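Shared between the two complexes below is chain A, which has chain B as its partner in the first and chain C in the second.
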Partner chain A sequence: MSWLHDWAHASGAFGKLSFALLVVIAFLAVIGLLLLLVDRAPKRGQEKVQALLFLLPAFVLIVIGLLGPIVTTAISSFTSAEVRKKNCIKTAVNSCLQSKGGSWTGLDNWRWAFGNSDVIHALVNTLKWTLIAPIVATVVGLAYAVVIDRIRGEAFAKALVFLPTAISFVGASVIWGLMYKQPSENAPSGLINVVLGWVGAGPINFPTNNSTTTYWLIVVMIWIQAGFATVLLSAAIKGVPTELLEAARIDGANAWQAFRKVTIPSIRPTLIVVLVTISVATLKVFDLVQAFGANQHGGDTLANLMFTTWKQGGIAVGGGGTVGDHHSATLAMIIFLLVIPFVAFQVRQMVRTRAGR
Partner chain B sequence: MAEVQYVEATRLYPGNPVAAVNRLNLDVADGEFMVLVGPSGSGKSTALRMLAGLEDVNEGEIRIGGNDVSQKPPKDRDIAMVFQNYALYPHMSVGENMGFALKLKGVGKEERAAKVLAAAKLLDLEKYLERKPKALSGGQRQRVAMGRAIVREPSVFLMDEPLSNLDAKLRVETRANIAALQARLGTTTLYVTHDQVEAMTMGDRVALLKDGILQQVDTPRNLYDRPGNAFVAGFIGSPAMNLVKVPVSDAGAQLGNLTVPLRAGTAAAVRAEGLKEIILGVRPESFTASESGNGLRVKANLVEELGADAFVYGELPGQKTIDTGDDGGAKPFVVRFDGRIPPKIGNEISLDVRTEETHAFHPDSGERIGD
Partner chain C sequence: MTDTELVIPPSGNAPVTRVPVRADTSVGRVRSALTSRAASLVALVIGVLWTIPTAGIFIQSFRPKTGQDSAGWWHGGPFTLDFYRQLTTGLHGNNASSLLPYITNSLAIVIPAAIIPMAVAAMAAYALVWIDFKGRDWIFVAIFALQVVPLQVAAVPLLRFVVSGWHVGSTTIVPTLGLAGTVGAVWLAHACFALPLAVFLMHNFMSEIPKDILEAARIDGASHGQIFRTVMLPLLRPALAAFGIFQFLWVWNDLFVGSVMSGGSDTISPITVKINNLIGATSGAGGEVLPAAAFISIVVPLIVFLSLQRFFVRGLLAGSVKG
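Right, the complex of A and B next:
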């Protein structure tokens, strides 16, 4: 099979293209074979066979790409690559660790996680994110959606607020980094500090003030997610039958009561989707923290800590080498466990909505 | 309890020079069941929504119980409305739906529950008070919508085609129930429909609209017997009245091969105006099979047998039946026959006309001529 390997890594354009063609043909051949099998399946239970065959590729990919990593990460969180050499006496230069293999360490990694002040700090920050960002972004998005509903230039207003959603988190970090900038000897102040200067306040060192760093990053997150919330909620608001609101008006409801008692309950499923989606995004927030370097300023989050732990990773085994202590896998599992309730809640809501409540 | 008055009430939509409701004058007496009927686009729903406060009154005014409410919000008008799609709040139970208005008004929990229960009893809904609208049948939802209106004990009920989402059989039942309920409660009611059968069977009086203009207001009987113009004549009655533009002479109107003598008043009016043509209206049931055989000759193209009646769709040689509806195309000439002796398709039939039941309309304006 080495010729295949050589071909796949061919340097010439012809080699690359012809290999790509081969892959496409192979793909089509597999599909063709599947379809043929489906066609040849006995008439009895043919639908079941069809369903199974068509589900197979997705199932395989889910197992390889999703379930597999979850299981191996879960296992990793209870193991360490650290294996002690037998009959070795630990000294300053000899840690007695060998670089290969792994061993069960029980709850050691988890004990480390909940005993480590950095992890606890990141966990608290992550909870701040999850408590503030989704609710504020949703409320802002909802308010904006209501305000722009049926005004002239609604599409433009919506596009404007949706733009940040299309920007990558790193791009958003750069933009807000400029806005938050502190005045220094060789650079002018950022927009916000300039404005604060006009009213005689500031300058504030926003993302490097250890006690408030997290909040200034959350502002960026809200800026990004409010557009997403607006677009979804605006569509949901338009889906509320006009007759319902008219009935509420005739029943004596003022605008706020009609909104509170009729519109909000009607768009509840969408509200939940928006809240859960933003919550999950904030639980996983990493890029903003990384791009701002906020972990240096008390703004670390679990996802970012997982990354930096993995990057630095491991236990010195002497000679400059390290083996993984699998601490990052434990952090990954903590995030995973935090996400589960949100997703479970949403799935339950979806099932309930479909069942007609 | 209150009377309702439209005084020159007009609704103009921005960007449209034609008024959706054009200088409507209509008095609805206290406790009356008034039906607004007309084809689509006639402005009947708009007129109702103006009364509800869901549409602006651009000119003129609308009074409820003598007070001008044109500029008041819906909640200050003391009205309740039943919508075509019922507009029940999907997230509230039947009981909550019915009690919502009272809750907003700040009525106490117990009083509210009592009123809801009373209305539910009236409509046979007690068993469903805890259910969500989704779990109800179409007829039950319709009753909940009625209940929501009744609970409030308003001075006027507004109903916007409340039966159009029900199947035919249920519609007939509910029609009778609503009429009976209204009679019992004695609440002034405005009822919008496009169905002239509903209009005829339910209303104390019927107001017929077309293109935003009121055509005629009268009791169903009078609308049927003395339509004020050709449009009303063609709209009320099913199958519709045959309207034929015919030449007229001193002897009478020339319908096909038959000269139909006009009533004295009509003939005098035609003479006074010097008309050479009129639109002659004859309802399908104003014909009888001719015993002499010298009657109006009509070729039967189609025969519909309905059991008690048989409707013959035919054509008059050389004359066209006018359609006052919106498509304006030619319509067949319709004759009602006794269901037991239907003519054969393709045969020519000979008919006598009961001349005292004919109607004459002006050939240009369509207005009724004479008495």
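Right, the complex of A and C next:
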């Protein structure tokens, strides 16, 4: 099977892409076999066996990718890391381990997290993200959806704002890095500082000012997410019955009143979906912080701190994992706890809608 | 705009009742024209504001270093293709800084990462919607609820699983998968993490299909395997397209999973990881290639997005509004 190994590790473009296709074909072949197996299932109790076979692939992937990891990470946040002997050089016979790690330490890792000023700082920043970005992005998206509703070139106008959705956060970081650029001896300033210069303000060192970094990154997040809000809310607005709006206007309501009393209540479910979705995304915000290097300028977030803590931890000798592994697992669990209320809310909404069908 | 006016032709026998809409009076007409003009203005301002940053990077990417260093991108030319050459086929026979290997990595990741969860989720959703068994609603809700697991919680243990398998004590339950050091680690992670949403989308879509179609096939003696292949898959095409595009954009643009699962290895890093490293590496000098590099990294998703936006929007709407 060494040829397979070589193919999997191919470095050429053709090797890589052909192996990807091979994987897909092999996978679809397995699925096809499984479906044939379903047809051969015993007649008695057939439905149950068939359902089981249909669910099997999803079950396997969910266990290795989601259920297993959540258990591992939870355990990791309550157990100790391995301890290596000091001034010891690792050899084949001497692993240098003082303790293999993995023993229960109760809340020690959690105490570390909540007693560490970097973590608290990242937590506060993450909460700032979650408080500001979803609301502003939704309001901008809603305003835009309203003003472009039924104007000429609506589809084009929508596409303009929706476009950033297709751009990666890393790409957006380069784009906004250029916008935010401060003037220096070998580079002119970015557009924003130029505009600030016209009105006699600035220049501002946007993403490197420790107290404001987070806010300038939130602007980029809003730039990306507003289009998502626009598309969903625009569809919802088109779903508002025109008779209702007309009735309101006949009763003497002006445009603003009709919007407040008729449109907003009608699109409330979509508004909530948009807010919840963007909130969950902001709780896990990583890419922008990473690409802007904002953790060096007071803009760290939980997801980014979790990554850097893990990366700095190095690789464990034994199975216990390094201190970094256990600390980053604890940070991941904090993100998990923060996401729970939002997803619980979504699940409740879904169960309700399904019951209403 | 005139088409918002309510016009009732004063012909016929019926007494003409004019509905007193504001736009009907001349004052009202002026006012509604004004508001619609104001609305268009607001739309224009937001639209322009949202486009400028991307336009800026695009223009900047064609300007030589001297141009970039002396004036902002809005000053325009002269233009050059040198950065694009340097980052693709190579400049002066030197293709060391080519981004094409990373684009290849991204493609090799995104293809299995989109197709595998598609097939898996379609099968699972079929069982949950069309095969009658106890507890299927609970299974569906449980899968949906798994969206609660953040990537931050799942990625590191999954990497450990890929690298060393699964052991309890010293007994090996699942051996090393052999995916370590290949893009397989990355797409496997994406395939797993996408499942809750994928199952949800497919489930939503399948519940809308009329029951008669399936029942007719059952009466004809078709098995579930046959129905899934011959009846369901063709009907599912729009849902598969919607999810496929969604997943394509998500995987292509992801940085977190790529960073963790590639384990820092340059040979399997997707393009986003490379660009992120490039931002760090050029913060002192060499930043003039960044705009072109960024543009190369976003051009594939932009093409996919612009040409298939319809399906993407449909997927978004199905995933959120109906749910």
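Everything that follows uses one rule, which is that the second predicted complex is superposed on the first by the 268 of 357 C-alpha atoms of A that agree within 3 Å, B and C clash if a C-alpha of one lies under 4 Å from a C-alpha of the other, contacts with A are read in each partner's own complex, and residues count from 1 in each chain.
Basically, contacts are C-beta pairs under 8 Å (C-beta built on N, C-alpha and C of every residue); 3 or more make two chains touch, one makes a residue touch a chain.
These numbers were taken from a predicted model, which means no experiment stands behind them.
In the superposition on chain A, A:170 makes contact with chain C only, not with chain B. In the superposition on chain A, A:243 contacts chain B only, with no contact to chain C.
The wider contact with chain A, measured as residues touched, comes from C rather than the other of chain B and chain C. Contacts of A:253 after superposition on the shared chain: chain B is touched, whereas chain C is not. In the superposition on chain A, contact is made by A:268 with chain B only, not with chain C. When the shared chain is aligned, no partner comes close enough to touch A:297: not chain B, not chain C. Once the two complexes are laid over each other on the shared chain, residue contacts for A:327 go to neither chain B nor chain C.
Note: residues 246, 249-250 of chain A belong to the chain B contact set and to the chain C contact set alike, using the contact criterion stated above. Chain A meets chain C in the complex at residues 5, 8-9, 11, 13, 16-17, 19-21, 23-24, 27-28, 31, 34-36, 38-39, 47-48, 50-51, 54-55, 57-58, 61-62, 64-70, 72-73, 76, 140, 143-144, 146-148, 151, 157, 159-171, 173-179, 186-191, 194, 223, 226-228, 231-232, 235-236, 246, 249-250, 255, 269-270, 273-274, 277, 283-284, 286-287, 290-291, 293, 302-303, 306-307, 310-311, 319, 325, 328-329, 331-333, 335-336, 339-340, 343-344, 346-347, 349-351, 353-354. Chain B contributes residues 52-54, 73-75, 79-81, 83-85, 87-92, 100-101, 104-105, 132, 134-135, 148, 152 to its touches with chain A in the complex. Of all residues in chain A, only 241, 243-244, 246-254, 257, 261-262, 265-266, 268, 356-357 touch chain B in the complex they form.
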